[in-house]
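There are two complexes below, and they share subunit A, which is joined by subunit B in the first and by subunit C in the second.
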Partner chain A sequence: MQNEYIYLILADDDKDDRLFFTDAFSELKINTKVNTFNDGVELMNYLNKEDSLMPNVLFLDLNMPKKTGIECLIEIKANTKMSGIAIVIYSTSASEEDIEKTFVLGANIYIKKPDSFKKLKKVLSEVVSINWQYHTNSLNKDNFLLRL
Partner chain B sequence: MKLFLKFDFNTISKKILESKFNELNLEYKIVGFGEVELLKNLTSEEYDALKDSFNDYGIKIVENEKSILVQKIKDALIDMVFNEDTNVNVKSSVYLSEKLGHSYGYLSNLFSEVTYSSIENFMIIQKIEYSKQLLLNTDLTLTEIAFKLNYSSVAHLSTQFKNTTGITPSAFQRIIFKRRDIAQQKTK
Partner chain C sequence: MDSKNVFKSVLFLRIVLLMGLFIILVIGGFTYKHISDLTKSTKIVISTYEVNVELEHINSYLSNAESGHRKYILTKDTSYLEPYFDARKNINSSFLQLKKLTIVNAKQQENLAVLNNLIDKLFTNFSKTDALVKNDEISTESFKTQLFEEKIILDSIRKQVSEIIDLENKLLNERQKEYQSDLKFTPLFFYLVLLVTLLIIIIAFSKINTDLLKIKAKNDQLLIFKESTNQSEIIGKHGNWVWHIDSNIFTYSDNFFRLLGEEPQSFEANFDNFLKFVHPEDVDRLAKELDKMIKNEELPFVSYRIVQKNGTTKYLKAYAKAFYSADGQKRLLGITSDITDEIESFLVLEQRNLELEHNNEELSEFTYVASHDLQEPLRKIQTFISRLEEKESKNISSTGLQYLERINVAVTRMRLLIDDLLQFSRTNKPDKEFVVTDLNDLLEFATQDLAEIISEKKAIITSAILPKVSVIPFQIQQMFLNLLSNSLKYSKNDTAPIINIEYTKIKAKEDIHLNNAVKSSYHKITFLDNGIGFEQKYVDQIFELFSRLHDKEEYSGTGVGLSICKKIVDNHQGFIFAESELHVGAIFTIYLPE
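What follows is the complex of A and B.
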């Protein structure tokens, strides 16, 4: 394998959600490295810095102060350096409109935040393992859409 | 005249790595001796190019044997899905163990251990990916695609598509076509 762990970033302004997220991954058997940011501006500062390691998967909350998930998504999609990142929208909303809009803008996965920790773990492990398939099998990322 | 040379292998290796990565336009960080972190993931072409150019200097990218066997399993399965000449009546378990000379049980355990997924799941993903390509790039209907990929019915493909991706084949097609429209408008 080219690298034995998956590097994940979450941008979410909710402290509890960030905590659940890191906890869920520490219990999965897939090797992951997790980094979190409190809002869209912090996230974009990191991604735009020249020597930053690009994540394999980026989880974006839609409703964040200063810069929303949608704004981040648009910026990321316009930047070729970030083209390899699989983008997961991680939101409390499950409106068909939001879902289709973010997919059209280039998101790969849409997750409605689960209401229990057990479900969260299941969903996240599914995301990471399917992303791993795309990554290791050089499948066409442009056709990568998943709704959970 | 005779010269006596003293080599600093660390510096030499570093210089070679630097020049190779720059040549291939890859951003990297040297983590330690014999360990490099790339700032983005390589496509398999880039990976092969890197491997080749390292080879001239006697530098080998360490790959482990299990991963290589898993790659062979994948290649064989992909061949089964995409190559219509491969005999469709042979079960994938029989096909694999005959082709690779190991029992199916061994191959299947190894596969799960390395990829965090099962052979069956891998087959499903490959077939769904292929059907996505066909949906986007050909005029085939879903029924024709189901037939081409040996599904027993269009409903079976449709259900498997929805279960694997969470969206229906027609929603998938609509989203990608919308993306393409937007991309085209930008270039105008």
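What follows is the complex of A and C.
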């Protein structure tokens, strides 16, 4: 089943960003299934449920109410069931501090939310078409932040 | 040097005293000798006189005897013989006297013996004459002979007597002469000795006088020193104390009392009285430290609090060192300073630091808000515009699309401003680490970041080989980036930008820009371009925040880039200067300390 489509999850408290995200994938000609959560607590509740389907790629906003992206990242990496999920940090800011911290905590890629829909589609299509096996092996701090 | 002089002076005075004593002894000896000589001479004169008197006596006794004898011869009255017999007795006693007087003189003794013989002879003669008289043989020849003999003997006696007197007078004269020659030298000698003594006394006096003056001058200096110490103690808020450990006696300087809030010397200086002022919580600790002081003979600073009688708490700091007096008495010499002001200003400083830290936290919170929350709506506006342009362009008029384009430009500019402002505030962070970095690498990274615009404008960037310097790497890279992008941004439309980077190492005193430099040598890096430049009169404005010299429609700067450069060189204790000629180019010169 997983071979037929890529299962994606986005956790972001911003309604507009969730809209852009789903719109972008609906316009992209990639077979994906997108699920969104409004904050970290919702996300973790879902992931912790016994029968939940684990996503192929998880997009994490950092600045969320109740539970931040960083907290989610720590929990996910501590859980063997979830630790295999490819994690994309999807944030408005790209401060050195955030990049450094999420890299150390084991995120796979860092995307700064682009300022046009065209760029958004481009960056998302690039992310989902990454060969994760290869990317994870050659991951370093310089290619952690995805530049377009 | 001084103590040597004092020692010399003491030695000198001792020598003078010994010489004086010696001279007085010599004078005493001489005086004694001369007086005893004088007494002797007087005795001799007296004895000569006595000898003469006795001889005169003998003469007169003989005359009496002779006249008595004559009267007897004429009268045959034996009563006239009485003076004659008395004379004999008296002459004998006179002779004894004479013998005593002339006992030291052999010649006189001899003379006396001759005289004695003559007298004996005379009296024998008298006896014979008497016998003739008794027998009435006066007119006989033998009587005449007898009388004649008598006359001769008497003459010899007189002669002998005068001889003795002459000899005695001669002796007297000789002695007088001798004595007078002695007497002649004595006053001269005394006078000379007196002069020498006087000279020595004057020298000693002048020496003592100069020493006294020196001591007085030293005393004056000591007084001044003491007063200046007093003043410095008052101004420097410290006092000193001495603890005579063996006798457990304390002395406190005036200002030590003032430190305790008391009038100088207003209570007895001892340990118990001092402890009354020490803050109760500090008493035990201080007592322990003082014990250590006595044992270790030297101790680093001890801080403690005191409470003055009016309730004021003061912070004191003490330092003590043991020293031994000349007689081996152990003493602790201590200095105590009032550090209340320092402690208070330290506390204020700490408070300020806390406030500053708090402010910094607020600032970084603001930075986060600015970077994240302010950017987010703008980004969404942009994204929505892009969606409108993409999806709804058919439904919007061309004017509407133009408005959308204007909105997009405005929003982009707003984001740029926020980004630059953020960057500016980040360069404010003080906790950046200095790392020795190859500036060539930093320049290379900056050039890479600008690769797109460089190729677009066909810019040529040449650089001298830059040094390795201890810097905050990302800041210097930022500065290079800002300077390069500045040159690229303000290039002439019709000319490809040429940026030349030069480097020299210079001494601060060799460059007029570095008059106020702290370090002695600097790395001088110069960015020269062939852009539009600016008028030199605006040179002071270009480093100000948000200051722009060009139309923002034409040139997209925010007026932050060069402010960031200024901030960065400030962070590195460096300098940045600009000079330019309009339409010719601009030169930015950076000085980084070596």
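In this section, the second predicted complex is superposed on the first by the 128 of 148 C-alpha atoms of A that agree within 3 Å, B and C clash if a C-alpha of one lies under 4 Å from a C-alpha of the other, contacts with A are read in each partner's own complex, and residues count from 1 in each chain.
One rule holds in what follows: a contact is a pair of C-beta atoms (placed from the backbone, for glycine too) under 8 Å apart; a residue touches a chain by one contact, two chains touch by 3 or more.
The structure presented is a predicted model; accordingly, all values stated were derived computationally and were not measured.
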item	value
First (subunit B), second (subunit C), both or neither touched by A:S95	second
Partner chain(s) touched by A:W132 [first = subunit B, second = subunit C, both, neither]	first
Which superposed partner A:K29 touches (first subunit B, second subunit C, both, neither)	first
Partner chain in contact with A:Y46 - subunit B first, subunit C second, else both or neither	neither
Contacts of A:D16 with subunit B and subunit C, given as first, second, both or neither	second
First, second, both or neither for A:G84, with subunit B first and subunit C second	first
Broader residue contact with subunit A after superposition on the shared chain, subunit B or subunit C	B
First (subunit B), second (subunit C), both or neither touched by A:S116	second
Subunit B and subunit C contact sites that coincide on subunit A, given as residue numbers	none
Residues of subunit B that touch subunit A when the two form their complex	27, 29, 37-44, 47, 64, 67, 74, 114-117, 122, 125-126, 129, 132-133, 136, 165-167, 171-172, 174-176, 178-179, 182
Contact set on subunit A toward subunit C in their complex	14, 16-17, 20, 23, 63, 91-93, 95, 113-118, 120
Sites on subunit C touched by subunit A in the complex	368, 371-372, 375-376, 378-380, 382-387, 390, 412, 415
Subunit A residues within the subunit B interface of the complex	1-3, 29-30, 51-54, 56, 81, 84, 100, 103-104, 106, 110, 129-130, 132-133, 135-140, 142-143, 145-148
